[in-house]
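Okay, got some structures for you below.
Shared between the two complexes below is chain A, which has chain B as its partner in the first and chain C in the second.
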Partner chain A sequence: MIMFIIRRIASMLGVLFALTVALFGLQELSGVDPARAYVGANASAEALERTRVQLGLDQPAIVRYFDYLGGLLHGDLQNSLRTRTPVAEGLSTAFPATVELALWSLGLALVLGSIFAVLTVTRWKGAGIVRVVLLSGASAPTFLLTMLGLLFFYGQLGLLPSGGRSSFGSTSPGPTGLFVLDGLLAGRVDVATDAIWHLILPAACVAISPAVAIGRVLVDGLRINLVSDHARTARSAGMPEGLVMLRHAVRNSLGATLSMIGIQAGLLLGGLVVVEKIVSWPGVGSYLDKSVQASDFPGIAGVALLLGVVYVVLNTLVDLLQVAADRRLVLS
Partner chain B sequence: MIQSPTPRRARPTRLRTRVLTAAALVAASALALTACAPSTGGDAFASGDTFKVVLLGAYSTPPDPDVNYDGPGLNIIQNTYEGLVAYEDGSTTATIVPKLATDWTVSDDSLTYTFDLRKGVTFHDGTDFTADAVIASFARRTSVDAGPAYMVGDVTGVTAIDDYTVEVTLAAPNSAFLDYLASPFGVKMISPTVLSEQAGDDFAQTYLTDADAGTGPYELGSVTTGQSYQLTAYDKYWGDKPEFTTVDLTLSENASAVQLQLERGEIDAVLGDVNKTSFEDYSSNADLDASTFANFTTQTVFMNPQSAIFTTTENRAALFSAIDTKTILESSMGELEVPTTQLFPAGMLDESLDSQGVEYDPNALASLAASGIAAGKTIRIGYAGSSPDGKAVADELGANLSSAGLPAESISYGAGTIYGLADDLAAAPDIVVMSVFPDAAHVDAWARILYTPKGGLDVMAAEVPGLTDDLDAALLASDNEPYGAIAKKVIDSKYWYSIGSLQTTTITRSGLTGIDDARNLLEYNVLHFAALGNA
Partner chain C sequence: MTAIETPSTARSSKKWARMTELRRHTTAVDMVGLVGLALLVLIALLAPMLAPYSPILRAGETFLPPGSPGHLLGTDGVGYDILSRMLFGLRSSIASAAIVITSGVIIGGIVGVLAGSLGGWVDNGLMRLTDLFLAFPGIVIAMAVAAALGASFSSALIGVAVVWWPMYARLIRGEVRSWAARPHLEAAILAGVPWSRRVRRHLLPGVTSTVIVTASLDVGGLVVAMSGLSFIGLGSPAPAPELGSMAAQGMEYLLQFWWIPVIPGLGVLVLALLANLAGDAVRDLLSRR
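== the complex of A and B ==
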């Protein structure tokens, strides 16, 4: 186990190194001038040149790259060219927002995917309707779904808020930065409820597509396992159908489902970038979007590195969970 | 005998009952949450003391007057800081009026400006406004040395005559100097106490990323950079007290959601670029007021000096004549942009000195198309993706050219790339359409930036020989005559063509007073909240 984790950490470092090279290369090839974004559109050529020197942009790319890498090794993600504050500081407030939305989206995807799978396998009469609704939702682009959701649930019905994270300001009342959890920890049920209300629309829109993907894999697994020899034996021994489903079908279907959850969790992060912009969610996606608009390389690189770490950690967790779910598997 | 279970047998009634029960519980929980949820209904517009405004677009630069060089940031800076002089709010002509200086005189050699300072003014930290603050504020502008620092580049000394009189000395006469002081990006007065106590190693730049130290009618309250800014009325403000004691300014990039918020009465105003269709929608809503106000932001056509098709002055002149400005702007921008006949922002210089003299001629390009110079080529029209009218105008212009027999396509450029086009003109588009604004209402502030290669907005690096010398000489003159000659030189070069003046657009709830007085000719989509009130 320890060797497995060490290997994963080593591979993560490799991924992050490759990311920095790719990002730096793309920045160089793009022809974008970060100094111009930094100093403002009307700035004179002299001011622009001074800024280039100030930001070290007059140095050869290789020198700037190793400067950046050196800072990174000391935990310095540099200052954002956009906000003029440390990137780490900006991400420390944006990341919890994204984590909260991602967790709710993934949780909702699991619930919806499970309902979809169980209703399909048990051939419940209304399963067709659920399937049509979920498949329709998953077929629509996430941004369109979110826009339509806003128009209907906010514009027409007034049931859900138009965007943002909370009606109680942008500061979380607790230590984690997760409004629902912090609200509950601080005894502020109103803050927690309000946060849930802000989460419903974006989380649901992000969750639908992964829910269908997870549900489909689970359906396949359940179908195979429900007619397997061990399920048949359990039934003949008098085990109730519900227990057969839980102990034999669900558990044995978990391996493939967990793999799919891992893949979908990674893809879900991509969907969040778009949704965050639409609902003004102050997360990493919004941070990235604004950084790209401002040609803010430290900001872009900071987000990319953070998401790289999250992606590797997620996959490691999924691997560990798969082994926990199926003892026949061995970490390698 | 053991039979294989069929799928049908794998759905006993008990399981189905449990699934249904679980579904019912989920539905009940959702209903319970609905009951607990905060109301999102538009029961009333943001009431009484608080003014809620959404700024469309992205803005994350620190609201530090010596750093900020972004238009949207003026919504914070112009409400929290003040300079010695300013352009008059609510006026469609650029008139310089007193602010923290009550009066001023200029020496006969035009080198020394003496300002009488307003008494009884305090900074938001309680420090009295005196000559020391002026000295410290000018010094900081130079020390920070960011984009707007050039405005005080000619200043050689700032001296206190007494507590309420200060003398500013220039290296050479500069007829634009007062305009630079009145500019929205001009030197703002900052508390010397704050500058001293929070200096750090960056002249208090770190401190002023989320705090203010000005004298304006509002203080900067809570700040979530790039997301929301709260302004609270300064109770010791020297001028008229604002009616709205709190201003909640939030940023959004989703115009549709913001439109819904406004229609549901959750916000009082929207600032930022709205397109023609949205503006017409807003205008037709009886609960809302959609209005425009004159602005110096000017839609400009930039010609690539290395374009294979438009190399000669004649060809460029033919192109300009073929642009049906009136129709293009009417169809793409409606009330949001007014055609202009002047090169400089409309009204900056008298029309007798500045008139482009371009007459629309639908057949102007016929001979160019027939000459075969454009055979096999597609004219590329670049526009700034961030520009509100860039795409609309570029598309319309492309359609015009195509119908004249010159195939054209429009290409969007990001803010980070459009300013780099001059580095490789061979690969740059033939034409760039972009709206630009001047820092100050002085011809020098416009011409030096747009028409000289050292200016930041000469995006195609076109050059008029001797123009920099002409501009230097004009700064010494006591009247605008030299600028007439400069305008003619630029117009004759046919490298630039001003086609329209963008209007500031403000959408507010109805029943709001003081909208016009809250706007300024030099500030695009900016409100001075202290002028606003409830009817």
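== the complex of A and C ==
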């Protein structure tokens, strides 16, 4: 078990190392000159050259790569060409917003996916309609869902806000940077509910397609396990159907569902970027959007690195959790 | 004469029997998907002839609603005819999905067949590489690659293609391995059949149907993913008609002139939905055999 954990973490570090190599390579390919970010577009050729030497940009690629890697390890993600300030600064202010939206989206995806699965497996009458709605929702691009949601809930009903994160300014009243949690911690219920109103639409739009994927895996698992021999034995020993479902079907379906959640977390990142752009959510996605508009590759690479690290670490955790749930997996 | 005719009629009647059998197993939903997708592909092919206006020249007044005379789907904030842009956008969506899937199948096929049939260190090395790519968050890497190459149609294609092949490599390698372990392939090796012939005659035909099924189930997701890239500005630059960027540019008019951003989004939805239905149909037809 310990060996497995060590090996899994070593391979995670390998993947992260490869990610930095890839991003460095792409930056070389993009022809961006990081010295520009320091001196600005109007600087003289001499000043540019001086900065280049100062930053070590006259060194061969391999030396510059290790400079870059060293910088990353100290939290230096280079300077943005757009704002001419460190990318790390911009991202650290944007990150909590994205974390909050991502957590809500993932939570909603789990809830919707489980409801979808349970309705399908228990053959509830309306399940057909739910299925059609969710499946067509999953075929729709996130930007369409968000636009339709805005048109209906903001434009028509005036129920939800048009965008942004909070009506109470951009700083969270607490330490975590998550408005709902901080609002509750600070005893500001109004801030927390307001934040939830802002979260509902973007989180639901991001959640639909992962919800369907997670629900489908869960359905397959439940179906197989409900008709399995051990479930039949439990039933014939007099175990109530609800307990059979919980102990034998749900529990045995969790492994596959967990790994689907890991995969979907990666796809969810793409949805987040698009939704943040539409509802002007002040997160990493909006930062990426602005960087793309300004052809600011250091900014884009910073976002890719941040999201990449989150994804890789998350998937390692999922793997470890799976093994914790089912030790037989260590062998394979 | 009869001696020549008999086998051919026999073959055609057999073919006919299979066709009717396939038709019996095709549900109405399958037909909607297959016919609908075929229609969209036809429309995309004929887009230059069908489009009433140029997609990148002003065609009339701005903000005309759908149903206006001469502009079936209305016009946008510049005065472009939305129907014409939709037709060309559809064309570029379908073309990019086709290109990415073809490149994915070719690259993944080469890697998968080499790894699966040669085994040993080749297999090990190639699969390590594949797993490395699979460990990255695909869409994020696609964005980074597309951005590094500068926003354009081909950058977006390359970006997505870079992350799309590993799945096929994994799949094809697995299939090839399972075929290679069968007795008739061991017999072929013992009989001295060369590697290239074994791959061509025995391994590739075994892989084809799985690959076709996976590829056809992939189209819908791919169309949606690429429209997302185009939406955040990682596709063809400004006036080019792409469904994602049309929606993005129309965003500012969402509340007054909803059709400008919503219609392109609906276009993506219809294309993806039909592609998903057609994919399901292809899977059902091929897995029945």
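The rule is simple: the second predicted complex is superposed on the first by the 258 of 332 C-alpha atoms of A that agree within 3 Å, B and C clash if a C-alpha of one lies under 4 Å from a C-alpha of the other, contacts with A are read in each partner's own complex, and residues count from 1 in each chain.
Note that in this section a residue touches a chain if its C-beta (ideal position, glycine included) is under 8 Å from a C-beta of that chain, and two chains touch if they have at least 3 such contacts.
Being a predicted model, the structure only gives us computed values, none of them experimental.
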Practice problem: Name the contact category of A:Leu151: first (chain B only), second (chain C only), both, or neither. | Solution: both
Self-check item: In the superposition, chain B vs chain C on chain A residues touched
Solution: B
Quiz item: Can A:Thr176 be said to touch chain B (first), chain C (second), both, or neither?
Solution: neither
Self-check item: First, second, both or neither for A:Ser92, with chain B first and chain C second
Solution: neither
Quiz item: Taking the superposition as given, does A:Ser295 touch the first partner, chain B, the second, chain C, both, or neither?
Solution: both
Practice problem: Could you say whether A:Ala304 touches chain B, chain C, both of them, or neither, answering first, second, both or neither? | Solution: second
Quiz item: Can A:Thr83 be said to touch chain B (first), chain C (second), both, or neither?
Solution: first
Quiz item: Taking the superposition as given, does A:Ser30 touch the first partner, chain B, the second, chain C, both, or neither?
Solution: both
Quiz item: Which parts of chain A are touched by chain B and by chain C alike?
Solution: 30, 147, 150-151, 154-155, 277-278, 289, 293, 295
Quiz item: Of all residues in chain B, which touch chain A in the complex?
Solution: 2, 4-5, 7-8, 10-12, 14-16, 18-19, 22-23, 26, 33-34, 36-42, 58, 60-62, 67, 69-70, 145-150, 205-206, 209, 222, 224-228, 250-254, 256-258, 260-261, 263-264, 266, 386, 414-417, 419-420, 423, 436-439, 448-449, 453-457
Exercise. Spell out the residues on chain A that touch chain B in their complex, using ranges where they run on.
Key: 30-34, 36-37, 39-48, 50-51, 80, 82-85, 90, 93, 111, 115, 118-119, 121-124, 147, 150-151, 154-155, 158-164, 167, 169-170, 190, 193-194, 196-197, 223, 226-227, 231-232, 235-236, 240-242, 244-245, 277-280, 282, 286, 289-290, 293-295
Quiz prompt | chain A to chain C touching residues, read off their complex | solution = 14-15, 18-19, 22-23, 26-27, 29-30, 135-136, 139-144, 147-148, 150-151, 154-155, 266-267, 269-271, 273-274, 277-278, 288-289, 291-293, 295, 297, 300-301, 303-304, 307-308, 311-312, 315
Self-check item: chain C - residues contacting chain A, complex
Solution: 132, 135-141, 143-145, 147-151, 220, 224-225, 227-228, 231-234, 244, 247-248, 251, 254-255, 258, 261-262, 265-266, 268-269, 272-273, 276
